[in-house]
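Both complexes shown next keep chain A, but they swap its partner, so chain B is in the first and chain C is in the second.
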Partner chain A sequence: MYQFPAKLKTISYALIGIGLAALLYGFFAGGADAGHGHGHDNRPWASLLINNFFFLGISLGALFFLAVQYAANVGWSAGILRILEGITSFLPVAGGIMLVIVLASMFHLNHLYHWTAEGIMDPESEHFDSIIHGKKAFLNPLFFILRSVIYIIGWAYAAIVLRKLSLQGDRGTDLTWYNKSIKTSAIFLVFFAVTSSMAAWDWIMSIDTHWFSTLFGWYVFAGIFVSSVTTTALIAIHLKNKGHLPWLNDSHIHDLGKFMFAFSIFWTYLWFSQFMLIWYSNIPEEVTYYMPRFGEFKGLFITMLVMNFIFPLLILMSRDSKRNFGFLSFMGAVMIVGHWLNVYIMVTPGTVGLDWSIGFVEIGTFLGYVGLFIWVVFKRLAAVPLLIQHHPMNKESEHFHI
Partner chain B sequence: MHYESPVREPLITGDKSYHDITVDVAKPIETNAPRSWWIAFSVSLIAFLWGIGCILYTIGEGIGVWGLNRTVNWAWDITNFVWWVGIGHAGTLISAVLLLFRQKWRMSINRSAEAMTIFAVVQAALFPGIHMGRIWLAYFVFPIPNQFGSLWVNFNSPLLWDVFAISTYFSVSLVFWYVGLIPDFAMLRDRAIKPIQKHIYGILSFGWGGKAKHWQRFEEVSLVLAGLATPLVLSVHTIVSMDFATSVIPGWHTTIFPPYFVAGAIFSGFAMVQTLLLIMRKMFKMEAYITIQHIEMMNIIIMVTGSIVGIAYITELFMAWYSGVEYEQYAFLNRATGPYWWAYWSMMICNVFSPQLMWFKKLRTSIMFTFIISIVVNIGMWFERFVIIVTSLHRDYLPSSWTMFSPSFVDIGIFIGTIGFFFVLFLLYARSFPVIAQAELKTILKSSGENYKKLQDQNHGEH
Partner chain C sequence: MANTKSIISALFDDDDVLLKSIKSIREKGHKIREVYTPFPVHGLDHELGLERTRMAITAFIYGVLGLGVAMTLTYYTMIYDWPQNIGGKPSMTWWKNMPAFVPVLFEMTVFFAAHLMVWTYFVRNDMYPGRKAMNPDPRTTDDMFMMEIECSGDEELLRNLLKEVGAVEINLVSKADEAEALAEA
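Entry: the complex of A and B
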């Protein structure tokens, strides 16, 4: 049985401490800085949303990956399923905080979502915006909260069911749990296909309320998926280096590296499709989205692209680099930061705007989330054996060699 | 050693030895064609000849013989083009993407799927050619130096990107297909009794000797080509989608087009593979290799890609409303409720509703049902392109020029002609090429053959 190392636990507590300090500083001490208005007040909230969405995405992506393993009868991955389950244990935590953010926004504790502004849907008001008014049937507080609750309960429920079934796989060779997992996964994947896009529209796209892009949900999904595969690889390498997971060999890590590589390119493909089509057509209501991102945020935007595309493309192309744990961990760290920046750039222009900077508030909150994530996930990993004892693919996975 | 979990079903059924596989695959080539083959061939040939007639008529008279008009200036020509390119996606997906994902079941179907891909791309490539009006100037689509008396092509145009995308795709698919064929041609060469046949297959097999070194190179090339072909699977239909999406026409300009076109292409490609394989399996008695499990797997892919397409349709519809752009909203309202409502709802029923029936195991393992759905899907995918193209054009920004499109007999004739041409090529292929990648298939006989699997279970029981 794996034990949650005391040292790692201490580190996670320290990180959580930093995170709390950063948020407290942002909420209470930040007012001492110069600058007023919505952008400034939004900064700690935006930081919370960015980090929470990023880590919610990692756990949701892991749940998607886990479901795919069952639905597609995958053999090689049997030895990493418990890691995926561990990551999904963060879903209810991040989901709960997401609901807090949503409720806070709807009750005007912050101004993250422009469409919640005072009088914006009221024809009598001077703040009236007829385009936003046209979206009222979808963008209204009650429906927004209801949708958020449905997504989070649906995902968390699927994660809990899959975990329960997998625990039965430790008990005996009876395969009922396995067949049930396949069915549950298939149903979850349908639910996921619809809700992952809609959640991206709601929580991220509606920040820039006027703007719209049909591809947006899939683009966000690709980022989520890369981040969670990367996280899975990082945890697998960490555990392997500590002498756990004897059933994993270089080939398994190599395969995770392939997923990191391939889906980085897939993410770039979707990034390019969205960007290029909007740039090419140059329609005012669409290019408005990229104006600040190619204006004040240009440096970050390009850096993010380099980290998420150029780096993995050049470094993860070769077979050897995907089998070198040090290399892969380094690339993993780069990609995690790169995809965090991606979320940052999606959220910040519409919430914080010109008041933006990446300082103690943002970095501290990120570190706090890393700590919380480690604490929740590793506690879950230490709860049961790191291998599903009677998974029918165990032997196939153990013999896996490429 | 490769080990396979006992929960996996065998991929080769019946008591087959290595030699049986050789004989079964070589049989359609070494024996006379069944009568059903001759009937199918004659019908296809007639359709093909009719198509040639219509094409020649178009070239002689000009594009005016089509049903195009001032408002709807792009209709069946481009619909057919996109339809055929889309169909041409399954082959490379099966051979490249499924290779990277180590899906062993691809081995019984990849050869024919790739052949189908190549023949479908040939049909697609016909349309831009005849669409130009002056086919004798077709070389203008390539970047040629100014000394030829003209200007360079417009690199800003997605139509030019299409030329590159499709010709690259065609070349890589062809090479990929051919590399796989080499050991199988060698098998035919070794079995041939007549000297002419022996000579032809000898040339085609490039002196393959089956040495370890040959196999090593073969596997290396396959992997490299798979790596090259995988981005191509995505790029081709992405660029086709950009023919529309870079414009500012409501219903055409939307960011989801690239991945959604790719999903639609895989969807229709698998449906066509399904149609062809079900016929071939019966005609040449390949039931032991193309098993119900293979059919079921393809049905699942059809269901998944159909659902992705369905989500994209609904996303487009929703975003048209959400955007608040009056023109977008009208374009979609017009699609669903305007004069072309029947095309829109045919598309919805065929592409979104019908694949959902595959959730039932009974239906997705039924051969008859699969055959019907595979045709329904391809009808649906043709309507999809028709809906995108014609309904977006026929009511443009100027209500005074709103009009309808009706195809002329030439439009219909050319379309039917390409279907005929496609089947002519496929039927000829089926009689002269090994329709199953037998050399590859033999590599999984011991791990996935029914008889060997039984043996394994017995051994397992004794220990």
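Entry: the complex of A and C
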């Protein structure tokens, strides 16, 4: 049985400490001096939203991947299901913090969402904005909070049910749990298809309230999925190197590498589909979204594209690089940072704007989340055997060869 | 006849038996020229010690070629020969209009990679229209697996080994037959 290594635990505590320090600094020391606008005050909140959404996405993507494995009766992945379950254990944590952020925004503790601004929905006010007023039926605090609660409770519930069922797979050869998992997964996938898009509109797209894009939900989903597959591969490689996963062979890692490669391309495809139509039609209310991203944020934006597209395309294309653990880990680290930057660039222009920088607050919060993530996930991994003992596909997974 | 090089064909009726037999035959120093199977047998190329295909490398080269052709095509037609005002942004440079060309670049890359790979495959396998099948035994298109072995050393020993590992039928393919088969083809 796997034990949470004391060294890793110490590292995770240290990282959590850095994260807390960064957040405290951001909230109290950074915002103390007066004379700054909303952007400056938003910075620690935006940093929290970026990191929380990124890690919530990783755990949600892992839950989606887990559900796909059950719903599609997949054989090869039986040996990594416990890793996916471990990652989903972060979902209730990040979900809880997400609700805190949502409530804080709705009660005007920050101004992350432009549509919550004072008087913006009031025709009498000088801040009145008729375009935003037209979205009132959807973008109002009560409905917004209600939706966020429904997403998070729905996802967390699915994660908990799948975990409970899989624990029964350790006990005996009775396969009722497996059949129930298939049903649960199928229902969750339908729920996920709608809510993953809606959550992306709510939490991310409504920051730039005037602007909208019809494939935004898919675009965010693609980023989430790449991040979580990459995280799964990194954890699998780490555990395999430590000798804890004897039932995994090169082919399993190769397959995870293929997912990283394929969904990097898929992400780029969606990114470009969104960009090109807006670029081509050149309509002012649409291009406003890309003006800061090709102006103030150009350097970051291009770096992010290179890290998330050019790197994986050229490096992960060959078979050998997907089978080389060191190579794959390096690419995984690049892609994690790249997709973090992607979330950063989705959130920052509309919240922090010209006051942006990537400093102690952002990086520290990120490190804190890494620590918290490691602590929660590895504690969960160490709780039960790393292989579901009586999973019907164990034999097939063990002999997996491509 | 004992020490001359001769070619033996062995028939198997089970792909697992066939796969397992290959190792012991190759260990004895015999060269397996060809294996005919009714369906692709997983792991066969690995057991035979075949080199990995270089098709992936050609695919990459063809893709780059396609990308180059598409760049030339879009530059010549849209910028150089008859400059176009694309999306209300008359920049008249290829680079600034690049997003509009990406679908073309992508499709040509895929088109070149896919089609040229098919032709490469045909050429490398000597396949062309009207080519006669090289199959020595029609049973290998139904339920039998046939292996052609170049016997080095004692032919009797090889026959015994083949029987031991589970061959259901063993035949001698003489060199004269081989020459005829090639001439016919």
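Here, the second predicted complex is superposed on the first by the 398 of 402 C-alpha atoms of A that agree within 3 Å, B and C clash if a C-alpha of one lies under 4 Å from a C-alpha of the other, contacts with A are read in each partner's own complex, and residues count from 1 in each chain.
Keep this in mind: contacts are C-beta pairs under 8 Å (C-beta built on N, C-alpha and C of every residue); 3 or more make two chains touch, one makes a residue touch a chain.
Not measured: the values here are computed from a predicted model.
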{"item": "Touching partner for A:Leu175 - first (chain B), second (chain C), both, neither", "value": "first"}
{"item": "Touching partner for A:His127 - first (chain B), second (chain C), both, neither", "value": "neither"}
{"item": "First, second, both or neither for A:His108, with chain B first and chain C second", "value": "neither"}
{"item": "Partner chain in contact with A:Ser281 - chain B first, chain C second, else both or neither", "value": "both"}
{"item": "First (chain B), second (chain C), both or neither touched by A:Arg319", "value": "second"}
{"item": "Superposed model, chain A: greater residue contact from chain B or chain C", "value": "B"}
{"item": "Touching both chain B and chain C, residues of chain A", "value": "276, 280-281, 401"}
{"item": "Touching residues on chain A, where the partner in the complex is chain B", "value": "73, 75-76, 131, 134-135, 138, 175, 178, 190, 193-194, 197, 210, 212-218, 265, 269-270, 273-274, 276-278, 280-281, 283, 285, 392-393, 395-396, 399, 401-402"}
{"item": "Footprint of chain C on chain A - complex, ascending", "value": "272, 275-276, 279-282, 317-319, 401"}
{"item": "Touch list for chain C against partner chain A, complex", "value": "42-43, 56, 60, 86-89, 99-100, 102"}
{"item": "Residues of chain B defined as touching chain A within the complex", "value": "1-8, 102, 231, 234, 238, 242, 245-248, 253-259, 307-308, 311-312, 315-316, 319, 322-325"}
